[in-house]
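Heads up, there are several structures right after this.
Paired with subunit B in one complex and with subunit C in the other, subunit A is shared by the two complexes that follow.
Right after this comes the complex of A and B.
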């Protein structure tokens, strides 16, 4: 298990303060974060730009030393035993970095494999199995500069798995990818956690992806954790608003009043349409069963019923709105 | 250390085969050849083949052309090695591969040595090309003890490697290669005795040459190449180069590691 306690990171930046004068300023990028990642679990790390996500990941994977706090990876201290921890973790970033473009896919993996102490037959078998896992066996001898964006990203996944890490950090892994490629990549990530029992920390600006993949989510703001729960509970806590749209025959004034009375804590709008009436309902709970019950009782036939559950995206937007208010 | 060494060697070899850095390769050969041609023309057409006694006593030889040709040869050799090793990390930073490298638990010494060993293949070609050009301008290649020359070159390579680590630190600090490296190279061309003995310089400027491995490497190479001196006679010079290497190595190793962290914080933090 990865366990971070009281994690802080302060940067010192220089600012111009007149001609040939500079002032040093301390900026808290991460301010006392506690988090855990278990094997086989996908954990999301969300926040607006500059919230401290990338700095947190860089500290967890030993690239940056924390200013304060501790990080333990399966009992090893990430600062004192950094070399041992490096063997247990790996990172995959979005975009087209972290690969040598003039080398082929297989050569890239061979290079990184050797940096992790692999060699000989074991390395060659690993390369061939990873390339087949990410579907790049046929282009293993093609230079990376000729790969498409999606192929480069898949090769990055193979590179991230070359040392068979117990924990994987994914920083915007689907950034700029086509929908089918991103979907395939999400499947791979799911398999890594559920079948290979790897602990995964994911940051992404695509919140549907986080909702689909993550068991738990940490939301950070200005270097501090403001919420931590399952995506569903976070959404319910923050947004707490369901939208239901119902199409019926034209309703009489009496029927409209019965419906309004049956849903006292909800906002209802009755909109006329060419075929009848459209009910737009906003409720702090899922009101579908009550609506159906009233309609059955009043013998109102429902032509169409659409429920829009609150999404994680709504929660993040609500949080951002709250902070800027 | 062996695996990162062989991995880096192989990687750079493959990259060199696919995209040979022709501009650097030809640039280094041309800078060595320019020094030789300039010295040849000025020696014969400006100074009419005359040398004053001060030059002979300071340089320890009256063979001006061999003196300058070896100066140009070893200068190009040092500059190439310095560039290859010192630019390693900043190139990773520019190509976006630095994080992947630093994420791995690999030995940095093996990485740099792999860089240098592979770079030596290119430097060797440059050395051969400039030596061939030098031959046509008067460099003698007969009765040379090549083993002594190789020993001098190996000692110089080791010290230049350590100097490159310090140069690499400055490159990372300034996030620049061009101005940083050329400032050092211009200084080296002035104070290391490439075309004239450092004794011609004011004492304070000549002192800077004392901390450059190239100055002592050149003295040693000229002694074994031009005068055919045995290694026992150049031993004090080799010792000076080794001492410089021993001093530069811990400074370079510690500073570049520290600078890697600073770059990561500034660039990716």
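Right after this comes the complex of A and C.
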């Protein structure tokens, strides 16, 4: 298990204060984060740009030293035992960097494999198996510069798995990928956690992706965790609003009044349509069973009923709105 | 075993990445060959007879040998300045950060990188040197028995030098100034074209700071004078001292560079 406690990172940056003068300024990128990642679990790390996600990932994978706090990876201290921790983790970032473009896919994996101490038949088998896993076997001997963006990203995944890490940090892994390739990558990530029991920390701006993949989500804002729960619970806690749209025959004033009385804590709008009436209902709970019961009692036929559950995206937007207010 | 594996990985990467085009090899020959030829013909208009000023320091009838050995050693050292310069590419590509994400020995990577680049950068000029020796009839003046040991000392010294430069470039993204320092000044003050002994005192002091000066002195004495290893013990000790200092500084700088990168996150800045 990865366990971070009281994680802080402060950068000292130089700001121009004249033609030759520079002023030093301290910037808190991460400010007291506690988090855990277990094997076989996908954990999301969400936040607006500059919230501290990448800095957190870089501290967890030993590329940055925390200013304060501790990180334990399977009992090893990420600062004091950094070299041992490096063997247990790996990181994959979105985009097309972090590969040697003039080398082929197989050559890239061979180089990084050797840095992890792999060699000979073991390394060659690993390269072949990883390339097959990410669907790049046929282009293993093609220079990376001729790969598409999606192929480069899949090679990144293979590179991130070359040391068979127990924990994998994915920083925007589907950035800029088209829908089918992103979907394929999501399947790969799911399999890594569920079948290979790897602990995964994922940051992404695609919230549907986080909702689909993550068991738990940390939401960070200005370096601090503001919420931590399952995506569903976060949504329910933050948004707490269900939106139901019902299409019926034209309703009389009496029927409209009965419906309004039956849903006292809800906001109801009755909108005329060409075929009848559209009810737009906003409720702090799922009101579909009550609506159906009233309609049955009043003999109102329902032509269409649509329930829009709140999404994680609504929660993040609500949180951002709350913070700016 | 692990060191050899990393050395091979760096050599292969370097070959595939830096020497991907045949024109690269062409430039590896043409540029140093032109340097040699222009230097040789720069001497021609001057008095190179036994009464000339240079005759106090070198055998003026062997000026070709003096320049060839000078440029051969210089190419060994200069090619590693260029190789270190490629660290900027690694920084931009994000691969430098990935190397530091692995548990590989950093010092091994730095020296393997130098060693892996060296052979490919120098073999063509080494062949050119051989060709010039044979075609100008100067081969008889070479002490061939000493050539392997001289090349071994030259290679080891160049690798220690190259490792140091790689680390300096690792430390700072603005290390391009080294290019300015090591191109013309190293060529001039290390005695590549003009013997160090011919310099005024201030010039000798500057020469003292370039490891190539010590290597070139030994290299020429072994190859041109046929000196034995025991005769050169003082020079070897001096060179060993210089390389030991360079290695110690490299180790300290490497630790500082990685620590600095972990504090500032500057490994991804370019």
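What we mean here is this: the second predicted complex is superposed on the first by the 323 of 325 C-alpha atoms of A that agree within 3 Å, B and C clash if a C-alpha of one lies under 4 Å from a C-alpha of the other, contacts with A are read in each partner's own complex, and residues count from 1 in each chain.
Note that a residue touches a chain if its C-beta (ideal position, glycine included) is under 8 Å from a C-beta of that chain, and two chains touch if they have at least 3 such contacts.
What you see is a predicted model; the values in this text were computed from it and never measured.
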| item | value |
| --- | --- |
| Partners on subunit A (subunit B, subunit C) - clash or fit | clash |
| Contacts of A:111 with subunit B and subunit C, given as first, second, both or neither | both |
| Which superposed partner A:261 touches (first subunit B, second subunit C, both, neither) | neither |
| Partner chain(s) touched by A:26 [first = subunit B, second = subunit C, both, neither] | neither |
| Which superposed partner A:11 touches (first subunit B, second subunit C, both, neither) | both |
| Common interface positions of subunit A, toward subunit B and toward subunit C | 11, 55, 58, 61-65, 83-84, 86-87, 90-91, 93, 97-103, 107, 110-112, 114-117, 119, 159, 163 |
| Subunit C-facing residues of subunit A, complex | 11-12, 55, 58, 61-65, 83-84, 86-87, 90-91, 93, 97-103, 107, 110-112, 114-117, 119, 159, 163 |
| Complex contacts: residues of subunit C adjacent to subunit A | 2, 5-6, 8-9, 12-13, 16-17, 20, 92-95, 97-104, 109, 259, 261-265, 267 |
| Contact set on subunit A toward subunit B in their complex | 9, 11, 29, 54-55, 58, 61-65, 83-84, 86-87, 89-91, 93, 95-103, 107, 110-112, 114-117, 119, 143, 159, 163 |
| Touch list for subunit B against partner subunit A, complex | 3-4, 6-8, 10-11, 14-15, 18-19, 95-97, 99-106, 261, 264-265, 268-269 |
